[in-house]
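Look at the two complexes coming up: chain A is in both, with chain B in one and chain C in the other.
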Partner chain A sequence: MESLLHQVLSGLATGSIYASMALALVMIYQATHHLNFAQGEMAMASTYLAWSLIDAGLPYWAAFVLTIALSFAAGVALERIVLRPLTNAPVLSLVIVFIGLLVIFNSVAGWIFTYTIKTFPSPFPTQPLFGGLLSGHELGAMSVTLIMLLLLYLFFRYTRLGLAMRAAAQNPVSSRLAGVRVGWMLALGWGMAAAIGAVAGMMIAPVVFLDPNMMAGVLLYAFAGALVGGIDNPMGAVVGGFIVGVLENLAGAYLIGTELKLTLALVVIVGVLVVKPSGLLGRVLVSRV
Partner chain B sequence: MANATITGAAPATRIAGSWRALAVVLVLAAATALPFGLSDYQTFQVTLVLAYAIALLGLNMLTGFSGQISLGHGAFYALGGYVAAILMDRYDWPYWTTLPVAGAACLVAGFLFGLPALRLEGLYLALATLALAVATPQLLKSKLLEDWTGGVQGISVLKPDPPDFLPVNPDQWLYLFTLGVTALMFLIGWNILRGRIGRALRAIREHPVAAEAMGVNTALYKSLVFGVSAMFTGIAGALGAIAIQFVAPDSFDVFLSIRLLVGLVVGGLGAISGAFWGGLFIQFVPNIADQISKAAPWAIYGIFLIGFMYAMPTGVAGGLRLMAGRLRRWRGPADQPGGDA
Partner chain C sequence: MPALLEANALRAYYGARPVLHGLSFSVPEGGIATLLGANGAGKTTTLRALCKMLRVEGEIRFAGQRIDHRSTEQIVRLGIAHVPDGRGTFVDLTVEENLKVGAITRRDREIAGDFERAYGYFPRLKERRRQQAGTLSGGEQQMLAIARALMLRPRLLLLDEPSFGLAPLLVEEIFRIMRQINQQEHVSILLVEQNASLALDLADDAYLLETGRLVLSGKAADIAKAESVRRSYLGY
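Right, the complex of A and B next:
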C-alpha cells in the first residue's frame, strides 16, 4: 500500500512536468491551431541556458528568472521571424518547419554543450518528506507548476492583455476590428509557451539529467497529456498531464516495466484519439459543411 | 489545361506522352548502365537511393495524394526490414522471396493502423504516427520479441550472390535487382495513382466532405491507402535491410521517419518523380551537411529543410515543373501541351 502511494505521488510529480509542457503546447495550439513539435527542444535549449548561467556563477533563482525572460524573448522572436511568413501555409509545411526547428535546436545544443550528460541543480531540499513518500524536489516541482498555473489563470482572467489574447485566439477578425493587434498576441503566446517550457525543463532536468535528447520522451507524454485533457483547454492539459504522469509510473512499476514506457504513451495517444478525440475537458468540434 | 484539351491539344498530349515514355526508357537504360561506372560503395549508395525512392512513393500516396501526414513510416520500413531479415536468417528463405511477405505484412499492419487513423486529421495524425515512430525502437528491443528480433544486437544477413549467368559482382547485382523492383513498384504506383483511385485520393485531400458527396467511400480509401502506402515502404525496408545486410533497433529511430517525410517534401508532394529526388536527398544531403559542419550536421539539415519550405514549397519535382511551364510560355503560348507530369 505504501509503495502504491509512493508510486502515485511520484507520478504526480513527473505529471506536473508533463502538465507544464502540455500547457505550453496548448498555449500555442489555442492561438494558432498548430502543434509545436519543437516545444520539447525549445525547453531543452532553455534549460541549457539556465545551466550556463548557473555555471557562470549566478545564484539559482536569478538564473531561473533570467532564463524565463530570455526564453520568452526567444519565443517571440521565433514567431515573428520564422513562423510569421508561413501564416497561410498548408499544415504540412508547418510540420516540416517545426521538425526543422527540432533538429536545429537538438543539433546546436549537442554541438555547443556536447552530448555528455550533465547534472542540473535543484533549488529544493533533497531530504525525503512525509516519511519517504515524496522528495523535496518532487514537492517543489509540483508547487512551481501549480503556482504557474494559478498565475496564468489570473493573467488570462483578470488582465486586459489576457483578455486581448483570448479574443485574438477565438476570433482574430473581430479582435482586429476591435483594435487588438492579433499578430503580436500570437507572438506573445509563443513567448509564454517558451517561458512555460523553460520552467518545465528546469524542473525536470534534476530528475532526468541534462542532455540534448532529454525532452523527446517528455514531449510525447506532454502530447498525450494535452490530448487526454483536451487539446484546446489549458485546465484540461494540466489535469491530463497529471493523469499521464501517474499512469506512466503505475504502469512502469506494476505492468510493463520501464523499457516499454514510451509505447504506453503511444497507446494513450491513439486510444484517446480513437475513443474521445476531444479529450476529457475539451470542446467537441463540429465541422460545418 | 481544360481549354487546351478542347482546342485540339489531344494529339499534343499523345506526343508528350510518347516523349515521356521515351524519356522513361532512356532513364532506365542509363540506370542499368550506372553501376558499371561506379565503385562498389557508390553502387551500394545508389541502391539505397532506390530503396528510399520506393518508400517515398508509398509515403507520397498517403501524404502527397490523400493528404494524411505520417511521421511514422519508419516503423513500416523497420517492419519490412525485420520481416526480410528474420525470414532470411532464421528460415533460410532466398532474399527475393522475402519481399512479397514483407509487403504483405506491412499491408496488413498499415491497414490496421489506418483504421483508428481514419478519425484523425492533419496534425493529430502526425502526432499519433510520431508516437508510433518514437515507440518503434523500444518495441524492437522488447524482451517479448527478443527471440525473433535478436533484441539490441539486431540480425545480420548475408549478401545475396548474383546468378551464375551474369558477369556482375554482388553489389552490382543487388543494385540491378533493386532497380527491377523499383521499376515494378513505380509501374504499380503509377497505375494506382493515375486513374480513378488517384482521383478519389486527391478529392479526399482537397475536400473530404465533397468527395464523400461525390460517392467516394472515404473511410475505405483512407485506410486502404494507408495499407498500400505501408506496403511500399515495407518492401523498401526489406530491400534496404538486404542491401545493408543488417537490421538493428537503433537504425529505425524517430529520425528515420523524419528523414522519410523530409525527403518526400523536398522531392515534391503529389508528384511521382519526386520520390527519386527525395531518395537522393535522404541519401546524400546528410553527407553534404556533414562536410559543411562536422559538429552539428543536423543543424545544417534543419536549415536546408526550413529553407526549402520558403524557396521551393512544392519540392524539387514541383519546382522543375514550374520551370518547365515558364519555359513553355516563354517559347510561345501556341504550343502548350495539356496534361501535367
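Right, the complex of A and C next:
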C-alpha cells in the first residue's frame, strides 16, 4: 500500500512537468491549430541557459528567474521572426518548420554543450520526506509547477491582457474588430509557452539529467497528456498531464517495467485518437459539409 | 450634416480580383446611411473594406482624416465599431467577457457604467451574463454583437445584416434599439441590410449596390417612394 502511494505521489510530481509542457503545447495549438514539435527542445535550450548561468556563478533562484525572462523574450522573437512570415503558409510548411526548429535546437545545443550528460542542481533538499513517500525535489518541483499553473490561471481569468489573449486565440477576426492586436497576442503566447517550458525543463533536469535529448521523452508524455485532456482545452491538458504521470509510474512499477514506459505514452496517444479524439474535456468538432 | 465617414472611388480586392469598382458614399455625422442590394452585390465587402480587412484602393476619410492606410486595429481604435456578419461571437467566453473584449482598447473609468447601459438596451443579456456566449440563441447573439460594439463607445457603428436569421418580432426590436442608440448615444450608423423596407425606414441616406457598383443613391425616403426602384431592385 505504501509503495502504491509512493508511486502515485511521484507520478503526480512528474505529472506536473508533463502538465506544464502539455499546457505550453495547447496554448500554441489553440491560437494557431498547429502543434509545436520544437516545444521540448526549446525547453531543453532554456535549461542549458540556466545551467550556464548557474555555472557562471549566479545563485540558483536568480538564474531561474533570468532564464524564464530570457526564454520568454526568445519565444516572442521566434514567433515574430520565424513564424509571422508563415502566417498563411500551408500546414505542411509549418510542420517542417517545427521539425526544423527541433533539429536546430538539438544540434546547436549538442555543438555548444556536447552530448555528454550533465548534472543539473535542484534547489530543494534531496532527502526523502514523509518516510520515503516523496523526495524533497519531487515535492519542490510539484509546488513550483502548481504555483506557476495557478498564476497562469489567474492571469488568463482575471486580467485584461489574459482576456485579450483568450479572445485572440478563439476568434482572431472578431478580436481585431474589437481593437485587439492579434499578432502581438500570438507572440506573447509563444513567449509564455517558452517560459512555461523553461520552468518544466529546470524542474525535470535534476531527475532526467541535462543533455540535448532530455526533453524527447517528456514531450511525448506531454503530447499524450494534452490528447487525454483534450488538445484544445488548457485545463484538460493540465489534468491529462497529471493522469499520464501517474499512469506512467503505476504501469512502470506494476505492469510493464521501466523499459516500456515510453511505449505507454505512444499507446495512450494512439488509444485516445482511436477511441475519443476530443479527449476528456475537449470539444467535439462538428463541421458542416 | 457634414460627413463623418466618406469613401471616394473605393476599390477592393479579393486576392487579385477586384470586387468593388470605385464606390463613393458617405455617412452623415449623427445620421444613418444604409447600403442595399441583392446577395453578392458587395455590401459585406464594403464594410470589410472600410475596416481594411481586405486590400483597398481609393480614399476613406473618417472625421476628415485619411484612414485607408491604417490597420484594422488602428481604425477600430478611432471609434469605428464593426458588427460583422455571422455576429463574431466569442463562443467560449461568457457574455460579460464578450462585452469586456468590446471595451478592451479603453482605459477610462466609465466602463463599469457602460456595462449597465448596454444591459439597459438588452436586458436579456444581463440575465445571461455569466453564461457562455455560444449557448445564446441567434437573436441574443445579435444583441450581444451590438452590445459588444457599443462597449467601444464608437462614433460610427457598421452593422452587417442585423436582421439575418431572426424572427420578425425580434428584428423589429433590434431596429427600434438601433434607432435609440443613434439618437441617445449620437452614434452614426452605416447599415447593411437585405430587408430593404425596414432599412429605408430607419435610414436618412440610402445607397443601392449592384455587383460592386453603386447604381443609385439618395434620401432613403425618396428611394422608398420610387415605385420602379422598389420593384426592380428591392423586391417588395
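Note that the second predicted complex is superposed on the first by the 289 of 289 C-alpha atoms of A that agree within 3 Å, B and C clash if a C-alpha of one lies under 4 Å from a C-alpha of the other, contacts with A are read in each partner's own complex, and residues count from 1 in each chain.
The working rule: a residue touches a chain if its C-beta (ideal position, glycine included) is under 8 Å from a C-beta of that chain, and two chains touch if they have at least 3 such contacts.
Just so you know, these numbers come straight off a predicted model, no measurement behind them.
On the superposed chain A, the positions of chain B and chain C stay apart, so the two partners fit side by side.
By the touch criterion defined above, A:34 reaches chain B but does not reach chain C. Of the two partner chains, neither chain B nor chain C is touched by A:4. In the superposition on chain A, contact is made by A:176 with chain C only, not with chain B.
Taking chain A as the reference, the larger set of touched residues comes from B, when chain B and chain C are compared. Vertex at the C-alpha centre of chain A, arms toward the centres of chain B and chain C: the angle is 90 degrees, rounded to a multiple of 10. Looking at the shared chain after the overlay, A:265 reaches chain B, while chain C stays out of its contact range. After overlaying the two complexes on the shared chain, residue contacts for A:151 are found with neither chain B nor chain C. Legend: residue contacts after superposition of the two complexes on their common chain; A:167 is shown touching chain C, with no touch to chain B. Taken over all C-alpha pairs, chain B and chain C come no nearer than 20 Å in the superposed arrangement.
Those residues of chain C whose C-beta lies close enough to touch chain A in the complex are 51, 53, 72-73, 76-77, 81-82, 84, 88-93, 97, 100-102, 104-105, 148, 152.
Listed in rising order, the residues of chain B touching chain A in the complex are 63, 69, 71, 116, 119-120, 122-124, 126-128, 130-132, 134-135, 138-139, 141-143, 209, 254-255, 258, 261-262, 265, 269, 293, 295-299, 301-303, 305-306, 308-310, 313. Taken together, the chain A residues at the contact with chain C in this complex read 160, 163-164, 166-167, 170-171, 173-182.
Contact residues of chain A toward chain B in the complex are 33-35, 37, 82, 85-86, 89, 91-93, 95-97, 99-104, 106-108, 110-111, 216-217, 220, 223-224, 227, 259-263, 265-266, 269-270, 273-274, 277, 287, 289.
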